[in-house]
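Both of the next two complexes hold chain A, though its partner changes from chain B to chain C.
So, the complex of A and B:
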């Protein structure tokens, strides 16, 4: 059997590519070593937060910033993808997440400012429907900390937010009274809040201390699989709007996006083999014919496909491995470029960090190229964090690049498939 | 400790994804979870010295060894490996050890009981027997019937040869699986043979009788390598036996030849995927609605779900496949008195999914999953080989 596409990597760009291809009736399989970093993410989609990166003020209109970026940086993944496909890709993301049970809101020409666990405000373009709120329009704002959850300090958040919003933000500690005999994390608390009695305790504490009509900022622990029910129940009973703040891992907001889109694509016929890294490829004449995994028992399971999408997540996803004097791409051994070397003084600089910008270079079709711009593999497309030429941390563009390049790779696979037929 | 896993301990970034995938954590909040019991505490254990166990380690018996944590880790850490290794060191009460010993040696009881199935099945229902089981620490639950093994096999010489390792469940409780597998392999022009093998060793190993698991593996290794050298493939229909032979034998037996053994083990449908001529008939009446349950130990092998392809193409009109759920039985785990309720709670999401789908049949490769799902849903459960046998 020959697949239309093998997606290597189970992160956001890999999922978007697989979802688009499967929605067009293509046969797709996702191969990944594990469940990926999407589970640890904030769940927010940042299209473009800052441009240029040393601008102190974040972008209010990411689309305008995008247009400026594309005109000034022709090698940026956004420039290679093009504004039309970027727009199409976010429309697709909104449509598919709604179908998957984790609806998102937002528009491509407006950044919304969401609070972080440090009390700062971060520009995001698309956010979960359950986080729909206007900080500027809110009356009374209270940050609630949960005694059982470590590493979230409501006083700290409230103090910084007061300064950043120019408005007094209160704080409150709540004790859920969980009788779990061990250190708990946000996932454990989320599961506990799915139980009526514990949720009732939280609601009681909130009602006792916070007036109706307030905006409550709370760490993201309001349910795992049934988060929509948990959040709407608490909002109904307290008469307050709840806005979750993403936490350290396990991040429920990332978990919800990852689990729901993962289940949706599996339900729609996308196969997934998780737990074994791709450690074999068969290539020749500028084409990749097969990818393989060394499975249990030691045999190589070989999978033939017309196209391969490399969505391995860059350095954090282990698609790019950092050695003392070089960075290697793990699957195809593609050349990895890094603009200059990193010097410790540059670490917090507002100019692009060479290590963050390191990655595989591609052409307009997302095919990997060498330093002479020659295409290395015609049927391989590189997406997401494995791409070089941009600093997702300073620009605040990581998930935006993931979605748009994943979507574009799918379009390229479909185009190539058309030619073969 | 295997060098391979030793190195990987430091790859743990505490991303906690494994914790979110653990079926035990979801139903038993006090369970610390794979990240903490595994790589997190392992550093402390190593620092304290090899035999030093922590007080929290008593909860290690609650790990199901489903390996979902191993599969979820993006950085190659195997939390389930550390759990199993440390379980060996637990000093259990002698009554608990005795109960585990009974469950671990199901192969002995099976050999006897399947010779006199009528009497055995009747005796196990007897109130006195049930009370006895309760005292020993066995759960009061439906036990699968013992059945007598009576198979037909062709004695023809063929160039393609298979040594069929049927496993305990098929041999003592569901011999239809064995006959179906023989029929399918013979239809693909294979010469099928049996050998006097031991139990694969999974029940003894997961109940911490490591040395005994090693001795079972030793005996089987000799037989398997003998057949492999003569050009035979080892084929099994039980996904847990399959995982045991493919992965765990390498842990138990440090031997350069072991890769030859594990590399020649095939699941029946994994083998069929590679066959050129498929012996199934497209024109036979299909099952309307069936639910395929992926056993955790199949998910852990990286082979994908080979049976699904054949079921969809020939046998079932609407096949629901959801790999989210663990059935909760985890082999002998669900037969333990103190774990039975938790085991059914863990499986409840799966049972609800089966019932709401309205399947007339559940299909799964694992024998104990079959027992659990039948108990939890009341729906008939069959092995995919038994289903596909009807389409020859």
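So, the complex of A and C:
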């Protein structure tokens, strides 16, 4: 059996590529070493928060910023995808997430400013429907901390937000009375809140201390699988709107996106093998024919495909391995470039970090190229964080690049497939 | 603060705080000034080895003997600052056999006990050591936490009436008719300047000793010598591990709690604060260490930094490892006629108490104070105990730091950085190096110390910046990924790089 596409990596770009191909009737399989970093992400889709990267003021209109970026940075992944495909890809994302049970909101020409765990505001373009709120229109705002959760300090969040919103934000600590005798994280709390009695305790504390009609900012712990039920129950009982703030990992907002889109793709015929890294790829004449995994019992599973999408997540996802004097791409051993080696003394400098910008170079079709711009593999497409040429943390574009390049890779696979048929 | 002190001590490392302690326990009024926090100079940037002295047994028997005596004393008076791990000296098959005999002779002559251990037995105890062993011996090495030690010295000094001010720099001296009358001080945090009078100044500035002396127009040739060190995220060996060969680079592995400090190197430094390790320096160090620990390059590094040795070169001496590691007390009156000013320079942390004793003996005589030194008898207690309970409420899970410790650590401090807290509580010093507990500590202090959001933002950012500095020489492998994670959290998730610097 020959697949139409093998997607290597189970992150956001891999999922989008697989979903698009499968929606067009193609046979797709995802190979993933682990669960993927999407589970630890903030759950927001940042299309473009800042441009130029050293700009202190955020973009109010990411589309406008995108257009400027594309005209000035021809090697940026957004320039390789182009505005039309970017628009199509986010529309696709919105459609899919709605069907998957984790609906998102937002428009491509507007950034929304969401509160962070430090009480700062961060520009995001698409956000979960459960996070729909207008900070500027809210009356009374209260930040709620949970005693059992060590990673969230409501007073600090409220303090910074008061300055950033120019309006007094209060804070409150709530004790859920959990008797878990080990360090508790946000996932533990989310599971606890799926239980009626513990949720009841939270509701009681909130009702006691916060007036109806308030906006409550709370760490993202309001349920895992049944988050929509948990959130609407609490909102109904308290008469307040709840806005979750993404926490340090583990992150429930990332979990919900990953879990729901993962389930959706499996239901829609995308196969997935999780738990084994790709052992080898069989290539020749500029084409990749096969990928192999060593699975349980030492058996080699050979997977033949017309196309391969490399979505291995860059340095964080471990698709790129950093050595003292070089960076290597793990599956195809593609050349990896890094823009210079100077690492600035100031961690918070508004300057692109060479490591974060490192990655594989590609052509307009997302095929990997060498330094002479020659295509290395005609049927291999590189997406997401494994691509070089952008600093996702500074310009706030990680998930936007993932979605648009994953989508484009799917289109390229379809185009190539059409030629072969 | 007093009108006039008997003595002002400049420098808050092991030597300076040790001197303050000895002075106050003999009833002299004294003030210590330190430009940063205690033990932020050389005393906080060394391998943490409480020498048995065996390392100096061949080249410098006097040093070796002093180390052994002080080693015994410190184990008795400062059990909470010292871990009596014991140590190994291991000669590999490539190492010079004739050196082994000289070493055994030197140890015996210096009163350092050595006990041979068979390679087989050694490997059973320590499987990560190379099996190309020629000879191995046990010695009474131990480990010491430099921050805890300096803090313990200071607490002991305080109990005797001694005073100290951190973030206070000596910027000049009041000198009249060839006598030092006082010190011009500058508060680093507020910028406020004032002059404090004294009868004597003790210059214990470590690598800055030459600079401080120059403020009094004294010419002291103190050569800064840089030593690079790295920290591994686990305890590689149970005891200190030394290479049994003429002292060279990468000879020492020192366990500290759950991590290992490995080093070091030696090369002339440009400045007294040349404390960053470069990638090249780290890689070279790992090459050296491979002989003793073959799998060293597969082990996770969590920090790379450097310390600067203050090497004193009296006219005509050689530099680097050749320069004397003995300490020297310089009486500037005999050197150049300047009264009321002494400099203490050189030495090693293990013998700080002896350096202090010699210095204070001299000063006491000058001031007509007839009290003996008792620093070898009085106990030293650091601010926080080594034993800490495991609890789900701990802010720092790796090092078991709880909120009560955080509260106690800031007592009496007008302003503080998380590094100040880290040094005495060990917050963020474990395998995770503070990626999460930094945030927790900042959040905790915000509420409990009523800080402004700007202040807390600064606490948080400054400490992340500190962490970044310690990792800049390690940007490959696991640490490269850690750095991306740090950027993902503090820039991506929290947008802290766009917070205005007010």
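Here is the rule we go by: the second predicted complex is superposed on the first by the 418 of 421 C-alpha atoms of A that agree within 3 Å, B and C clash if a C-alpha of one lies under 4 Å from a C-alpha of the other, contacts with A are read in each partner's own complex, and residues count from 1 in each chain.
Criterion: a residue touches a chain if its C-beta (ideal position, glycine included) is under 8 Å from a C-beta of that chain, and two chains touch if they have at least 3 such contacts.
Note that the coordinates shown come from a computational prediction; the quantities given were computed from them, not determined experimentally.
When both complexes are overlaid on chain A, chain B and chain C end up sitting side by side without clashing.
Touch criterion not met for A:375: it reaches neither chain B nor chain C.
Seen from the C-alpha centre of chain A, the directions to the centres of chain B and chain C diverge by 90°, a value given as a multiple of 10 for the model superposed on chain A. Of the two partner chains, both chain B and chain C are touched by A:181. In the superposed model, A:119 lies in contact with chain C only, and not with chain B. When both complexes are overlaid on chain A, the residue A:301 reaches chain B alone and has no touch with chain C.
Shared-chain residue A:39: touches chain B; no touch with chain C.
Legend: residue contacts after superposition of the two complexes on their common chain; A:271 is shown touching chain B, with no touch to chain C. Once the two complexes are overlaid on the shared chain, A:192 sits against chain B while remaining clear of chain C. Applying the stated contact rule after C-alpha superposition, one finds that A:287 touches neither chain B nor chain C. Once the two complexes are overlaid on the shared chain, A:250 sits against chain B while remaining clear of chain C. Here's the short version: in the overlay, chain B gets within 7 Å of chain C at its closest Cα pair. The intersection of chain A residues touching chain B with those touching chain C, taken from the two complexes, comprises 180-184, 318. By the touch rule above, chain A contacts chain B in their complex via residues 29, 32-37, 39-40, 178, 180-185, 187-188, 191-192, 224, 249-250, 255, 263, 266-267, 271-277, 293, 295-299, 301, 317-318. Taken in their complex, chain C has these residues touching chain A: 279, 283, 392-395, 397, 436, 439-440, 442-444, 446-447, 452-453, 456-457, 460-461, 464-465, 468-469, 472, 475-477, 480-481, 483-500. Interface residues of chain A facing chain C in the complex, by the touch rule stated above, are 42, 50, 56, 58, 116-122, 150-153, 155-156, 159-160, 162-163, 180-184, 246, 248, 314-316, 318, 321-324, 343, 345-350, 353, 355-356, 392-394, 396, 398. Every residue of chain B that touches chain A in the complex is listed here, in rising order: 14-17, 19-21, 25-26, 29-30, 32, 36, 56, 70-76, 243, 245-247, 259, 262-263, 265, 299-305, 321-324.
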